[in-house]
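The following pair of complexes shares a single chain, chain A, combined with chain B in the former and chain C in the latter.
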Partner chain A sequence: MSGDKFGADFRDDLRAYAAVLRQVVSLELRRAFAYRVSFWLRFLGGLFANITVAYFLWRALFAESGAKIMAGFTFEGMILYYVLVPLIGGITRNSTEGSAIASEIYSGTLTRYLVYPMPFLLYRFADVMAAVIVALLQLTIMLSAYLLIFGIPAGIQLTPSSVALGLIAALGACFLNFLMVSTVEMVAFWADNVWSLNVMLMFSGQLLGGALLPLTLFPAEVQRYLQLTPFPYLMSFPVQAVMGKLSFGQWAQSCGRMGIWILILTVLARVVWRRGQRSFSGVGI
Partner chain B sequence: MIRIDNLSKTFRVHKKDPGLRGSVRSLFRRKWVDKQALRDVSLKVDEGEIVGLIGANGAGKTTLVKTCAGIIHPSTGSVRVLGYTPHERANAFRRQISLIMGQKQQLWWDLPAADGFLLLREIYLIPWQRYQERLDFLAKTLDVVSLMTTQLRRLSLGERMKMELIAALLHGPRVVFLDEPTIGLDLTAQRAIRKFLLDYRADNRPAMLLTSHYMEDIEALCERIVIIREGQVVYDGSLRKIEQFAQHKQLAIQLKTTIVKQAVGADLAALLPGLASGIAEIITATEDRLTIRVRQDHVTDLSAALLRELPVADLTIEAADIGTIIEGIMRAGLTP
Partner chain C sequence: MRRYLRLYLQFLQFSFSRAMEFRLDFFFRILMDVIYYIVNIAFFKVLYARTPMLAGWNERQTMLFVSIFLVIDAINMTVFSNNVWQMPTQINNGSLDYYLTRPVSSLFFLSLREFAANSFVNLLMTMAILVWALRLNMELVTPLNLLFLVPLIANGVFLYYLLNMVFIIPVFWTHSGRGFADLFHSFTRFLERPDRLFTGIMRLILTVVLPLSLIASFPARLFIDGFETGLFLHLTLVTACFAGFMTLFWRKGLASYSSASS
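And then the complex of A and B:
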């Protein structure tokens, strides 16, 4: 194949990928809005439950201990943390649900993506991007409403620039989470059930990522080790960034570490994908 | 366009004893068995040719099709399609092929077909004008113009299959793999799809590899068939020539007078002295009418004996139909 021909093929591929990405995102958005009642009900229900539990739990804890500040948060700051967790989580962790890849493998519908001239994971990532757009919309509406009603709590530097840095972190985290979930789900090429692995990953993400408790509650030693795992970048890092709790230096350092994990997992996902296909039979012979 | 040389494929599957005990045991020790789906298959398909792949369930047809489409990696041997190695799945290769599986949905279930086609337009980089022309043409030919904006899951099986066909042919593939395209469809839909495939072939001259359990599909679409038995090609040649592998013919005789009613399955040697035993048996019998199955090489002996010994008014000899012959080959292999 001559260099020119290869270049043209490559350009074709990129053009197709971009178009497909656009098309799938728009398709998924249409689907999300088509089921809008269930969609918003589920979202608001989840948010409300989360905040109610956090409110009563932390009110009791603050009252009992008499402390004004716990794990670096005032009571109001703590509540804002729990408001941000599901909102930012909508961006960073939306690929956790659904086990889409595993079920494509088990049912054999993966076959169709293997025939299309397009990487399967790109198609899946387009799904995730659509969910991110919806989550951004929800974040904007809910956070503005919350801040308008309750104001920014004392000791929290929530500014346009902290929100921007937080969102950049959240987008990176979204990609990282996508890679982690995809890699685990691709174990379905060999194992008959990846559901338990998936649940383990989800709970680890919640506990070690800071969705259940702010990571600043853990002993300093544990926090240091946690920084070496990919989990804190999924939740704690973008939420802390939005709340203005990180200096630019800290933010950049965390971004760097997250980048390294993204790199490692990209390679891993690629290897698993390549090897997995070798043992894929497309169900039935 | 398709060239397969000495292709073999072995799947490793694990075996689990039934019940809870079996499940627990398989947690610790798995029993693996090798299942050889294809053995030493060689095959060539040219432009404009529709080759029918025939075989019993599990004979390896679908594995062969999936290997050619690049979904399954071969264990040994080589497969070349359009000059590409399918399982490398180069995009340039995938833009020129299509895989239609009657048992599997390719289009998006909860969207109207029109949305799915739009996505396919992007995937295959089809220019707008060509896309419009092709879609119009395909939808009109298959008579589904009014169904384009209906959610796929609200369509009937036949309508869905037509949409699948459109989806598979929008980009004008040069090689088309069809895995049981008419399964579960009613006769009208089957006929429409067969006619459509023939028209498509006449206009586009693609190479097609077709598997089907319906002899009507095969007889209507393929001049050449390949019979696969336990992963091996046992026949590769013209559909018409398969008749020479018929092992039996059927004789029907009408008698002038009645005789004692014969038992079904009885050997005719008992009734006709001088005829060797084990070459002809009775299939149906009344007092004045018999149908007899006879070994191909003894048709003349039997006819002569019948005319000599019985008051025959009329005698007809029928060749076994192609379906029966193929069934015989699928069951027992080729023994000409």
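And then the complex of A and C:
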């Protein structure tokens, strides 16, 4: 009897969470599209800059070195890599933008979330999911357009299943990034300003995660050490998976490593959150 | 002129005392910029492991280009960045009124009010990186060349500020949170790469229409490849045109500013 009651309560809680999450996602989507011109200009401008710089840089590099393949990429394959970086980055790194958690701590408005019937971090993750929906839409449109115009480059095994594996990896990376950013932002419980910590994380992620350069360009030893950090799972792993550059075994192994990082950071985030709450006065600064 | 200098000294004094109030943030920001420098240098180091030359420069020369770019970026971060960053908010919430009623140029006040004292430490670090890069290229270093580098860097900083402003000013009409600042941020990737990478229409855009390549690449070329009158005239003419355009654009923006309702 008590088991039935527990089950019913649990179902009620889940239903309530789902309803709140739906509401938050819907609100965030409306907010994202409030300034449509700015939103699309920012997205298309960023994409244009990323691809154009990569095109001219790698064209010069392939020409100067005389190589046909560099770090496992042909020139066309390399350009596809740089097309995918901002598109997949929209999914994996969207919580890097803004300092939502830190702002709530500084302004003292975190207090209202503490009395909400759901965990604060889950509420914040709903914000991130709204951005993921938008990013998935952008990825679908842009990647389809690119492949229709330029086709799949030689040596790239981009298939529906590689895209599916890549997207699963990207969603995992999105959660991993959320945990990393949230933990850093929660330092705001003790520090005056954590914006710079967030930017530090972003810069490090760009180089060590493969957003600036494919990680296969790094010396083998550096690549080996990088695999022990969470950074390659944020960008390089999902992009390589979409491009069909990983076998299922390699994909599963990387997912496992990413899972371990997610576990470690979940524990860390919980510890920081609990300790932070104890030192939170609620008045803001 | 003296009034403006006195005012700027007041800005400096206020900014330094405020920076010291937030000591932890002060050190975080220093560390943040150090990582930024490492990322930029490492990026080219990795590329040069694959090729001896890129865009007509060897690794040592590219390091000089990177260091010039980092110095320009650090000066911009120290002098202008915080102020330009806040401008869209000030325009949108009407706090621009305060600056318009001061007996000094509103553009001067808004652009230079906050001096980023924490970035000043980073500016010193970028100077050290520049010295390191110059030591790598000792054959290029002459007193005249060094003397000439100073106004070239100053011009780069000024042009950086002008271009940034051109992307901020539309907020007078769009009323969006950040204007086109994010778009400008995306475009800054062009100024982080040597200009000779870009050819055709893109080169025309980056050297005339949206002269991002003139910020760091042209000063580096004038230093590395030697003085070239055409290049120097191009640099000064485009900067002068953009200064005129930005001032006019700012006035247009002010004309359509309607305080808090903006």
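Remarks
Quick note on the criterion: the second predicted complex is superposed on the first by the 271 of 285 C-alpha atoms of A that agree within 3 Å, B and C clash if a C-alpha of one lies under 4 Å from a C-alpha of the other, contacts with A are read in each partner's own complex, and residues count from 1 in each chain.
The rule is simple: a contact is a pair of C-beta atoms (placed from the backbone, for glycine too) under 8 Å apart; a residue touches a chain by one contact, two chains touch by 3 or more.
These figures come from a predicted structure and were not determined experimentally.
Shared-chain residue A:G7: touches no atom of chain B or chain C. Look at A:N193: by the touch rule set out above, it reaches chain C but stays clear of chain B.
Of the two partner chains placed around the shared chain by superposition, chain C is the only one that A:S204 touches, whereas chain B remains out of contact. When chain B and chain C are set side by side, the one touching more residues of chain A is C.
In the overlay built on the shared chain, the residue A:G151 is in contact with neither chain B nor chain C.
In the superposition on chain A, contact is made by A:Q277 with chain B only, not with chain C. Using the contact criterion defined above for the overlaid structures, shared-chain residue A:A60 touches chain C, although it does not reach chain B.
Of the two partner chains, chain C is the only one that A:A49 touches; chain B does not reach it.
After overlaying the two complexes on the shared chain, residue contacts for A:L114 are found with chain B alone; chain C is out of touch.
Those residues of chain A lying in contact with chain C across their complex are 35, 37-38, 41-42, 45-46, 48-50, 52-53, 56-57, 60-61, 64-65, 67, 70-71, 191-194, 196-197, 199-200, 203-204, 206-207, 212-213, 217-219.
On chain A, the positions that touch chain B within their shared complex are 9, 12-13, 15-16, 19-20, 22-24, 27, 30-31, 108-109, 111-112, 114-118, 277-282, 284-285. Partner chain A is touched in their complex by these residues of chain C: 22, 24-25, 28-29, 31-32, 35-36, 39, 42-43, 46-47, 49-55, 174, 176-178, 180, 182-183, 186-187, 189-190, 193, 197-199, 202.
Contact residues on chain B toward chain A in their complex (touch as defined above): 11-12, 35, 37, 58, 60, 62-63, 66, 69-73, 89, 91-95, 97-99, 101, 104-106, 108, 110-111, 115, 118-119, 122-125.
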